[in-house]
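Please read through the structure below; I'll follow up with questions.
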Amino acid sequence: MSLTARIITVAAAFLALTAGVVFVLAHYLLAEPPTVVFGAGQAPGQPVSMTIMTDPVNDVSSHPDWVSYFVKSPQTGQWVHSTIWQLPPHTRVNVTAYQFDTCDPLRNQLMGEVTGTVGNVMAVSGEADGLNGPGISVVNSDTTCGVAHTFNVPELGINVPFEGILYTAKNQCTLAPCAMSFTHVTTTFSFITPGPGDYRWQCFIPCGLASVDGNGHAMSTIGFMTGYLDVA
Amino acid sequence: MAIETQPEKAEHSGGGGPGGPPAARPWWMRPAIHTAILGAVLGYFLGHWLGNFVASGYQQVVEGDENNFAIVFGYLAATAGFLAGLGVFNDLLRQMVGLPPRDHDDGGGSGLARYFRFTLDHKVVGIQYLVGMIIYFCTAGLFAMAIRTELLSPSYHLFNAGAYIEIVGEHGTMMMMLMSSLVLGPFGNYLVPIMIGSKRVAFPRMEALSFWLTPCAFLILLSGLLFGGFPFGWTGYAPLSIQATQGADSYAVAFGLMGISIILAGFNMVCTIICYRAPGMRWSRLPIFVWSMLTTALLMVLAAPVLVGGMYMMLTDRTVQTAFFVPDLGGSSYLYENLFWFFGHPEVYILALPGFGIVSEIIPVFTRKPLFGYKVSAAGMFGVAILSFFVWQHHLFDSGMDPDMRPLFMITTELISIPTGFIYLVALGTFWKARFRFSVPMLFALGMYFNFLIGGISGVMLSDVPADTTAHGSFFVMAHFHYTIMGGLVFAFMAGLYYWLPKMTGIRLNLRLGKIQFWTMFVFFNSTFLPMFAIGEAGQPRRVFEYAANLQTLNDWSSISSFLLGGSILLFVINFIWSTVFARVREEGNPWRSRGLEWQIPSPPPPDNFEHIPVVLSDPYRYGFKDAGPVADLYPPAGVISGALTGSGA
Amino acid sequence: MAETAGVAAQPSGAGPNHGLRILLLWLPAALAADLVIWFVWGPHLPPGDMSSSAASQQFDLRVLAVLAAPVFLAVLICAGYSMITWRVRGDDDGEDGPPIEGNAKVQVSWIAISSALILGLAAFGTYQLIAPAGAGAGEGPQPIWQPDGKPVVVQVIAQQWLFTYRYPQYGGVETTQLELPVGEPVQFNVTSLDVIHSFWAYQLGVKADANPQVNNVAYTTPEHAGTVTVRCAELCGLWHGAMYDYGKVVSVAAFQAWAHRTETSMAKITKTLPPYALIYTPNEIKGLANFYYQAGLPGAGGGYYGNQYYPDEP
């Protein structure tokens, strides 16, 4: 091969390689669900409201059958498919959670206890297969199929079990993000954010269908049933 | 048994058997990598379609929203298509229908084209392996750079947890599965036939197939990223690996294919060494590098089948819902652990033994002395190989295994350090009153000895069960195996490359750049991995993206050194490409003045290696003997063969 | 050759006694290294001495390091001396070195010394494993080395991705916080609810893998109060790196008070927990089997193998 041909081959190979590395990084390794920012531009110390929902499907990703969280963007009012939520530090966060999914039993019943929230209680309303009322502190999913998902932040000791809708309920949501007209259970609770940091949160109801012990699929993928509280 | 008779005519280049119709077709009509890629693509779609056809109604597939069948069938059919496109099955099919196989006299073609074909010339396969291994090593090294970048901070995360664990798995698996053939592939396949005085290997088709399975395994493993990667690292512990999503199929298929490649390569190497030695090449005259290739190949043949079996069982657990490894329905997670490590421990000796072979081969040349304790050295390699099958449970000391077994495995693991230590006895003896020439290959060999010493001693510390309680699963283990594998094998590979590239291609690498590469690589390698002993003992487990804040300084030191180490490897790549593609400085004689048989023929060797099968007269370490004759007679008169069996030399 | 003929009085023949020189270089270096390791570094070696197992491991590490350092130095000094003394200076005259192919005495001594060292280490390691009741390592469901006295029993339940701790001696209460009394032997019963994890309590020198449906027992005796870092040491999926917490070793009185307080405050949730057992099979929650079948629900396991109690699909 002539010198020119060799130079061109080596240069082309190098460029192709770099393009490949950049593509893999950008598209697969560095790609993340969007971060939804709460309390932006707000005076420090003011409480923040966060509205989330858990849906049995998601319709907006390559895995439409996977259970998912959606969060209402405070900027646009639209439902965003993201589990990375940025919150201000040392602030009270008032959470309203709409739960559209039917129930599964807890793998570890300890997660039926409400901890880490203000007063260690949550308030539940709607067609729940379980307790209703303002000051719920324990949900027993051993006697009733009561819980659909848990919002658990291990580093902060926060655990909130979201009760499930009756399995016989009519009008169950199959198109996410779900509209309020579908059967749902509303849970409200509050917690105080700590200092700055990344705090992971996850669910403890293994509902990853057809995976061993139910902890695969949506349970182990950020953006579906697990994510970060980015306190900054 | 050496070859007893002189063949009547020169054999075909690299072997291949009697000829058929000559191949006089244009290059694009001959099977090569372009037809192979076509075959792979067709095969993937066919396999994927078949998987969907068979399994899309299964409850598991419907509920899980993923079809593992389709992925596995797709990969396997793609590999079959790739090999078919390469022409691997052509001779077989021709013979099945009664036609003679094609004439492979031209060694696969001329110029660069033959390196992209399925060829029966072991020298071409060696070069193919060389380029492939460098590509695989550098790709896996890029993943390592990503890991160290993430570990710069314990709290700020560049990659999210899912991406990080994918990267860790890709780096570890790519290195551990592909680097098993880092030395046996290029140097073993290229040089062993020449070193034993043979014109060919025993099974050239198996050897070529073993090479072509490596790009398949590499690409299948990489493609796991498209499916979200796999979250269980290179060890693949069940039941996590059964729980994982589609990327785990890439891992299992890739590792299984690589296991097959290893078995084929080992099988060919064992038979070549036992059956194709030239007359006079007694076992006591065999170069120590060939001994290391023999023991490595025996390990490959005996251990890799267990891996393939384990991966197969993982795949059936993931697809057809067998329950080998899932405790809920009677399986056992311990079964996987033991199957895996029964392969896994010989695997690390597959990685270590070739390094021993290269450095023991090189130091006599650069100290101008015979190899001290040649028999002890060979016996040590066999001792390591045999004992390596009796130590695997030291990876499982804390797992809840039978506690009575632990002192037993502690003893066997500590015992294996004795034959491993023989390489130091041999080295120190060879250094005694030597005449040191510090050329680049010698520098890398010395670096290997230093690094492996640290790695080996830390291994003895790990074999002590109480000390292992803190060190297991921590960065201490990471440092130990990087010192033995990268500090040992990779440094030895560099030594072998600088030493033998002139032999293999007639071109030498730039030695000034080589010295710079050695010093930077040695300093930054130690600077990267030495702190990891402390980091591990201070409590940081492996494969984590968050660690204690007080360990950040050490982690940063390690990360920045690793970037500089990456720069040193980049320097090597630049040197390699510059020297072989552009500068092409000829080095045709015997630049290192070695007495090895491979150096007595021209560089690069002619297609048949030797004009006539040589008669070997002595071992290649006769330095310093006043009356030492040549290592072999390259032009033996007919009839002298029987005399050679009682000839001179030790 | 490099040696001068004038120094013929040396035992090795012509030239200086290289062996003696190497010995004189090595002996002080090895001695110095060993003294520093044993006396200066020793008390600060990881994993510290907060518990009996940690102290025993620290002692082990001390002994191993003290034996390793002279070996390391011996090889380095021998090799380094050779390289400096016998390097080719100036132009390479192409001459070979002396044809030494082996030396039976050297080879036999090497093998004998290394074998003695190794066998000694093996005996030492075995003793150190047995004497401190297993040295903090997980011994499986039938441990053979146990401490004297009645231990505080803590069940460590590992799940993806959290450690929880159950105290059978206090009503089977389950907490996310590990607390232990100082001075009393502790028995850890480590198990998993899903995949393989590993319970690594660093300051206590305890590491026991958590396998599903296996009870892995480890023993230790905390000897000083303090904080214990608990990390998962076996890759268990996405959040393996974030699976850690901080436990505490406190005085016996404080521990008793905490245990009783926790038992009372968590009584409501303790009633909903399954009865204390050495292993758990969460996929078989008996009370709900019929309910699942009627509802067509998969059970607490994702329905990977369908419903065990009703094999026909609903």
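Each chain carries a letter (A, B and C) given by its place in the written order, and its residues are counted from 1.
Keep in mind that, in the parts below, contacts are C-beta pairs under 8 Å (C-beta built on N, C-alpha and C of every residue); 3 or more make two chains touch, one makes a residue touch a chain.
If you're wondering where the values come from, they're calculated on a predicted model, not measured in any experiment.
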Identity of the chain that, by mean CA position, is farthest from chain C: A
Comparison of A-B and A-C (more C-beta pairs in contact): A-C
Rounded Å distance between chain B and chain C, as computed from the means of their C-alpha atoms: 30
Chain A-chain C separation of Cα centroids, rounded to whole Å: 36
Separation of mean Cα positions, chain B and chain A [Å, integer]: 44
Shared-contact residues (touching 2 or more other chains) in chain A: 200, 208-213, 215-216, 220-222
For chain B, residues contacting two or more additional chains: 59-60, 63, 161-162, 231, 239, 243-244, 326, 328
Two or more partner chains touched - positions in chain C: 194-195, 212, 237-239, 242, 283, 298, 301, 303-304
Residues of chain A that touch chain B when the two form their complex: 1, 3, 6-7, 10, 21, 24, 28-32, 63-66, 197-198, 200, 208-213, 215-217, 220-222, 228
Residue numbers on chain C that touch chain A, as the complex places them: 157, 159-162, 164, 174, 176, 193-195, 212, 237-239, 242, 245, 266, 268-269, 271-274, 282-283, 285, 287-288, 291, 295, 297-304
Sites on chain C touched by chain B in the complex: 1, 18, 45-47, 53-54, 56-57, 60-61, 64-65, 68, 71-72, 75-76, 78-79, 82-83, 86-88, 92, 94-103, 106-107, 110-111, 114-115, 118, 121-122, 124-126, 128-129, 132, 134-145, 190, 194-196, 198, 200, 202, 205-209, 211-216, 229, 231-242, 244, 281, 283, 298, 301, 303-306, 313
Sites on chain B touched by chain A in the complex: 59-61, 63-66, 112, 142, 146, 155, 157-163, 166-167, 225-226, 228, 231, 239, 242-245, 326, 328, 577, 581-582
Residues of chain B touching chain C in the complex: 59-60, 63, 161-162, 164-165, 231-233, 235, 237-240, 243-244, 321, 323, 326-329, 333-334, 337, 367-376, 397-404, 406-407, 410-411, 414-415, 417-418, 421, 424-425, 427-429, 431-438, 446, 449-450, 453-454, 457, 460-461, 463-470, 472-474, 537-539, 541-546, 548, 593, 621-625, 650
